[in-house]
């Protein structure tokens, strides 16, 4: 393993890591916002329906 | 027929706006062409390399300017209702609006394009091709831009929204026109790029009004 | 009139369907993803690109998804225009941000993949440039949706824009490829089908299916959120009037 | 007095029939179950509070927007043709450009409406616009500007007039005078549906729009 190879692999590791890291973050962001939106609006809709039927 | 010529005369007069319309577009165009060397530096060799492309992109941006007046004014003052309630199909009315936009601001811009390009250092031999590209490209920009103008009717900050909608649609004509100019400047065959530009302009003229009319009906509903 | 697909016209049926379908897609995505990653990382380095080929497993699926999602957006918009169903519009509205997310992923991973070989963060490669312009189309759709207040008008205007985009995208792709051939012929990505050794093809396929399943799950949940939002607003309207 | 050529447009619209029409705006239902019959020579005043949907109803009849329910008939004529050549819609906004002169606007809109060559001149005499022809629209008073908008109705005669508070900017003298013009239009077999707040200068049955229950 010449010096270059280590660097070679090492250098690649940062790119691979960065690519996977960003992908995981973006995916997590998409999942969280989607679920949060769905839950928030379901609660609002059910609360309003309850208030309407309750009246 | 008189109805269509009457509309063309009216729309061209409004777009011309006693000289105001083209003045704004050409003024913007000259402004961009002036700022470029100030930013990049006056070295002729560097400027000449980007002159045709820069002139072409500046032309595309300049044709964005007068788009929001294309439908917005008639939509807000009630004229669009009356233009719709007519035996002339709305698609044809939209096409005539874009055509008069092209006549009033596109053509003057096409005259300014060679001047700006040569001013930036493009070879004078390029002038006729830039003028031709600017004329045909202007038609493509007007009809594609009209779609953005019609879609953003009734939206807040309609003008900016039109630009965001329309710039991705400008990618093909910008590439074809820029490619033709670049090919000519480096002595290669420019006809392919120019032919593709004409094809895109023809498609925009044919299909654009369909989307515009649908968008106008939607905004009026 | 062409009969609308059943689940389109009846939100109730869609809500019941998506209630179990969304988690199922999520599960499929997780399983396929893990399998794909495991196989991908256990495969040997590529003789040319070395270890960076691993980035391909998340770049190519993202790039494929960015186009697939725009297809879904265009189909949903077409159904929304023809049948005027709020559900089709909700599907289109829900697909756009997800599509933009996948396109962003494709651009970032593409740039990171090209960086070691080309030494620059951005490579004007035909495919990458097309994905960049596709990203602009998504932004335009989301901007138009945000700028129009009236729901019914926003639905039709955005549907028209999505279809105009769908007609223009092949032309954009062709013009970028033509532009690329004009300036420099080289292309960063050779990950197109048979030229790739099978040891990479299988994980790539698994990852692509995992991404699609993930999008399916996210899309269904997002549409459910849209349906709840519209119900909440309708309820608020009724409450205000009574 | 203005002589209208009666019956010239007999083929286009012979009646207006609304059956169970429901209209909503911005997702809110304004009214429903509206019925109306208008025969040639009849005028109907549309009343109702602001926001009751008078303007929306006129725009729906004109075909600019679609009704939620119910159907709109034009006495057997094809709705598309009827709306392209058989009716005039006069809205709050008159679509006149401030920088253009009265003559330019009148000639364009009468040509656009398909008026005969002398149509515009007839309208000028009927609404006394002679002195204003070379003035720019922005120099006209509200009353003069409304008379210019009303001139369009006369320049290109069409059977059905859909008017949205047509007389509000006019003074008493001009209201009476336009009342006579409306009478002439009705005598010629025309129909008028006018959304008004104060009563029309001519006798007319009225239709009140109540907000949806």
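Labels A, B, C and D are assigned to the chains in the order they are written; within every chain, residues are numbered from 1.
Criterion: a residue touches a chain if its C-beta (ideal position, glycine included) is under 8 Å from a C-beta of that chain, and two chains touch if they have at least 3 such contacts.
Everything numeric here is computed off the predicted structure, so don't read it as measured data.
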- Item | Chain groups still in contact once subunit C is set aside, others held in place | A | B, D
- Query: Relative to the centroid of every protein C-alpha atom displayed, which chain's own C-alpha centroid is closest?
  - Reply: B
- When the C-alpha atoms of subunit A and subunit D are each averaged to a single point, how far apart are the two points in Å? 57
- Message: Taking the mean of the C-alpha atoms as each chain's centre, how many Å separate subunit A from subunit B?
- Response: 41
- Between subunit B and subunit C, what's the gap in Å when you average each chain's C-alpha atoms? 31
- Message: Rounded to a whole Å, what is the gap between the Cα centroids of subunit A and subunit C?
- Response: 15
- Can you tell me which residues of subunit D touch two or more of the remaining chains? none
- Note on the structure: The positions of subunit C in contact with two or more other chains are 150, 152
- Task: Enumerate the residues of subunit A that touch no fewer than two other chains.
- Result: none
- Query: Okay, what are all the chain pairs that touch?
  - Reply: A-C, B-C, B-D, C-D
- Message: For a test of understanding, state which residues of subunit D touch subunit C in their complex under the given definition.
- Response: 26-28
- Footprint of subunit C on subunit A - complex, ascending: 8-9, 11-13, 15-16, 18-20, 22-23, 26-27, 29-31, 34-35, 37-38, 40-42, 44-45, 48-49, 51-52, 55
- Query: Which residues of subunit B touch subunit C in the complex?
  - Reply: 147, 151-152, 154-158, 161, 164-165, 167-169, 171-172, 175-176, 178-179, 182-183, 196, 200, 203, 207, 211, 214-215, 218-219, 221
- Query: Which residues of subunit C touch subunit B in the complex?
  - Reply: 133, 136-137, 139-140, 143-144, 147-150, 152-153, 156-157, 160-161, 163-165, 167-168, 171-172, 174-176, 178-179, 182
- Message: With touch defined as at the start, can you tell me which subunit C residues reach subunit D in the complex?
- Response: 150-152, 237
